[in-house]
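The block underneath contains the structure these notes are about, expressed in structure tokens.
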Amino acid sequence: MHKLASTKKPALDISGIYPPITTPFNDREQVDYAKLDENLQKYSSIPFRGIVVQGSNGEYTYLSKEERLEVVHRVRQKLPKEKILMAGSGCESTQATIEMSRQMAEAGAEAVLVVTPCYYRGRMTSAALVHHYTQVADSSPVPVILYSVPGNTALDLPLDAVVTLAEHPNIIGIKDSGGDITRMGLIIHKTQHLAFQVLSGSAGFLLPGYAIGAVGGVCALANILGTQLCELERLCVGGQWQEARKLQYRLIEPNAAVTRRFGIPGLKQAMEWFGYHGGNCRSPLLPLTEQEQKDLRKVFSSYGWL
Amino acid sequence: MHKLASTKKPALDISGIYPPITTPFNDREQVDYAKLDENLQKYSSIPFRGIVVQGSNGEYTYLSKEERLEVVHRVRQKLPKEKILMAGSGCESTQATIEMSRQMAEAGAEAVLVVTPCYYRGRMTSAALVHHYTQVADSSPVPVILYSVPGNTALDLPLDAVVTLAEHPNIIGIKDSGGDITRMGLIIHKTQHLAFQVLSGSAGFLLPGYAIGAVGGVCALANILGTQLCELERLCVGGQWQEARKLQYRLIEPNAAVTRRFGIPGLKQAMEWFGYHGGNCRSPLLPLTEQEQKDLRKVFSSYGWL
Amino acid sequence: MHKLASTKKPALDISGIYPPITTPFNDREQVDYAKLDENLQKYSSIPFRGIVVQGSNGEYTYLSKEERLEVVHRVRQKLPKEKILMAGSGCESTQATIEMSRQMAEAGAEAVLVVTPCYYRGRMTSAALVHHYTQVADSSPVPVILYSVPGNTALDLPLDAVVTLAEHPNIIGIKDSGGDITRMGLIIHKTQHLAFQVLSGSAGFLLPGYAIGAVGGVCALANILGTQLCELERLCVGGQWQEARKLQYRLIEPNAAVTRRFGIPGLKQAMEWFGYHGGNCRSPLLPLTEQEQKDLRKVFSSYGWL
Amino acid sequence: MHKLASTKKPALDISGIYPPITTPFNDREQVDYAKLDENLQKYSSIPFRGIVVQGSNGEYTYLSKEERLEVVHRVRQKLPKEKILMAGSGCESTQATIEMSRQMAEAGAEAVLVVTPCYYRGRMTSAALVHHYTQVADSSPVPVILYSVPGNTALDLPLDAVVTLAEHPNIIGIKDSGGDITRMGLIIHKTQHLAFQVLSGSAGFLLPGYAIGAVGGVCALANILGTQLCELERLCVGGQWQEARKLQYRLIEPNAAVTRRFGIPGLKQAMEWFGYHGGNCRSPLLPLTEQEQKDLRKVFSSYGWL
């Protein structure tokens, strides 16, 4: 079902489910590598295709360059060899993104996930973004995956830019978190002749994503309900849609709760309940209020997950 | 696949494909009933479940009350008995909507499609909309179908309002044109215990809609490529997803062209090419420029439809 | 200060303050003409330049065509001869707007205020809107005033369309409710050679409007604090900016409360407190909840108005 | 006119006009300090109140931490002693912003301008932002100025957060670039009892800003037409509104051209025409196309500035 329509073989087959892992901090807001290791240890029993380090949920914008690289380095050491480490290397400037991509590859990333630069969004035209990604892909030692996340960047990587960039031999796919399933269908259709792979950027539309031809997903919710998301993948890939639908339904609101509704503080809080190390975020992200915690818990319990 | 999960039987099974028909005008911008009849005649050979009269594509906001009723009356006379006539009866005020719904039922509509009132959108809270639809449904002689079309109303019927209204015995479904597949999944899940039916409001996400549990679609594109949309329905309902996907891909851009991109003037122009009566819209909708016509035609020809 | 820069004399000098009056209803939601008369009686002692009938606050979208005309007719009978009656004649279709404008002129309106048609906003291009307004102005027996109110229509009448339309001899001004003071300045600048008059569409930016060259305002708040708004006008026109500023500050939140925040139900509620007939709105507009009433009252009392 | 209504004296009087200077780069995209010096030299003859370094127009998101500090250091060396150096010290994380503010003070900044963190905008609630700014202001050796620029951040610093933060003894003002003049009026009113100073964040609404009580402006256009903006200040402060208006009108479109329309590449291009060093931006910001250059030039020439 989710096999590539294209006869071309991608440089790296990225089909599957990935948790975009969070970064655990200690009480002084320093990266807590021991806790990170323990989370990874727990994830190792789940049939993930790999791990995304420093997607939006990794609070990458709050990490220094050195921290970003160190985290990638540590994850690669702990991660089983057959699992893909996809590292978020996006920066606002092209030059910084190029350097970060190179260094992340050196630190062990199999692929880099490059978020759209967005601060000067009025000038982030298709031409500018194509130029940016082309330069990054030209020089990246590992394959590049585009990353469009309008919920954070307030910018959708334009469809025509995606289609143009899909031709680049070192750009192998996109993580699309916008949730516009029509757009996803069109991207898949227009890149069918290439070995371009589309990943759903959220658990909320994982089933529709598979139905329209996506090959996997990078889902915040996989930090908590990884086994279930891999099960949903299995059902979709195996064509068991009736069963898949039932499972998908139970994941929509929990997913919304740890993304749009309560953000990373919600995700980290829920991780604690599921046996992972979540903890606090770096400031200015505030921890949940007590009421928010109750509301969040209720979402998970009402669907039988807690 | 698209059977209702609920064991309850809806008052009216609306599963299937519907064209929201356009209103043909003559040179003096009067409704041309002869042309309308000819279009209906051509549609009669397509396995539609029914016809939507005065959805957004019917230019209902440009018709007088009398014209709205007369068109419904004429369509019901020409429409085969087994086909459902779903009539758009929405007005800005509750009272006018109540009256229009009653009169449309008298004119022969099997169900009314009620668009969200939207002019005072700042006060169109869930409470106000629940109150509005409840009053309409209480007094409507025929079942009510909710209609959320943010592209026109700049207002999404809130999820909680939909879920509350789904409990009403005379509200049997929703046409959701927003294209947010995650929201559609959630609506379906939260109304599963009821006989509430969800129709995709656009051909752009018909397959993902079926995949997540929708029972059909009201699609502007069905005015032109009705046979193909019914074929897509057949493939989805029959579980032939691989084939369905291929067909879906070829419909996304043509659909966008006659909706978001070129609107009703584009839809009517394309109808002419496909052997239907399209013609001009009422002012202020302008006909396509020559360049727009070329661009529109190119979309259909590039996908092999022309 | 607020004199027209142009040497051309407008067909009708509309400079000054106008309340866009509300429509009182009785318990059966019928127009209560006696109450309307009493409100007008009270307004007659305030130095308004005139009255706007069936602006957005008149709930015009909830009135039948007959009611719209009858209200205008009644207001004109009661209104002192020297006051301008500006009647909202906008409908979605051009033809209906043309007819309504003609009939409102017959019913006694000195000018018509024509809101942008908006339902098919994707096709309401500058070209379409210029065409619409030109046709309306060509046939209107009284001068036309453009009306851009994106808060309700989710559509801004584009600047270039305004500038083009300002050349029409029967289009004498615009009521701009969007609140973008930069845009207002540009409109005023680009129409300086014409006798085109700009009215601020809200009390929230009345002073900045005068400062940049507007000649008056149509303000919901004038239904309640009409004397104060006329005083603010006097201060601005007279160049007493220090005093004007103090008064303007005290009007911003009360204005927001009866517009963006609590809408027409809030405006009508507040009217009751100030000795006018407000009463309920037509459904689906709900009356304020008790809490909302309290919050609204607090706004007015905290600024010393109640 | 623009004197503070409050009797309290601010720690630093920031009233006046500031250019948010651009950062010149050489052909290898390195900071060109010689060119920077020359620009500063030219600015020294204009009666600016000071200079903003690393506002949005400084491409600060494309500079390394070291570059950001070095530029501030160099500007302070060259800037006449009596001029204020306001340095943009905003980072996404609170901790990084605290450090950057401290270092910028050490590098010579008289005040820091702190943009709203925005990447996780869904969680950037009033509470989170109040917490963020409070921590920064608590530890900053120099006064803090809030900076709300929704055009870049897609986030408005909420009014209630501004009002709360205005109470902090080390937060002395705000640069508001949103252009909502009603909001600006309300901020000024609600902080009148404090020594809180509001600066217009754009030349497009400088006059209305002064009219409503702002004390100055940080305007991209001041990089090019600094003398004229200082003249507009003089006219507004002196109460010569008629003259001020004429000048303001001529600045709106040139301002829009170097901000919203053509962005920093447009600003830098125009600087070249006016005798300053503009040059290229760092990638991904592309230089203007030839057509864009023509369009930009036309704007300035049509208003008599070129």
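The first chain written gets the first letter, and so on, giving A, B, C and D; residue counts start at 1 in each chain.
We adopt the following convention: a contact is a pair of C-beta atoms (placed from the backbone, for glycine too) under 8 Å apart; a residue touches a chain by one contact, two chains touch by 3 or more.
These figures come from a predicted structure and were not determined experimentally.
**Student:** Between chain A and chain D, what is the gap in Å from one C-alpha centre to the other?
**Tutor:** The computed centroid separation for chain A versus chain D comes out at 35 Å.
**Student:** When the C-alpha atoms of chain B and chain D are each averaged to a single point, how far apart are the two points in Å?
**Tutor:** Each chain's C-alpha centroid was found; their separation is 49 Å.
**Student:** Could you say which residues in chain C touch two or more other chains, in rising order?
**Tutor:** As it turns out, chain C has no residue touching two or more other chains.
**Student:** Can the chain contact pattern be summarised as a line, a ring, a star, a complete graph, or none of these (other)?
**Tutor:** Its topology is that of a ring.
**Student:** What chain-chain pairs meet the touch criterion?
**Tutor:** According to the stated criterion, the contacting chain pairs are A-B, A-D, B-C, C-D.
**Student:** Quick check on the complex: what are the chain C residues that touch chain B?
**Tutor:** These residues of chain C touch chain B: 29, 56, 61-62, 64, 92-96, 117, 119-125, 127-129, 131-132, 135, 151-154, 260, 262-265, 282-286.
**Student:** Touching residues of chain A toward chain B in the complex: what are they?
**Tutor:** 1, 179-182, 185-186, 188-189, 192, 202, 204-205, 207-208, 211-213, 239, 241-242, 245, 248-250, 252-253, 256
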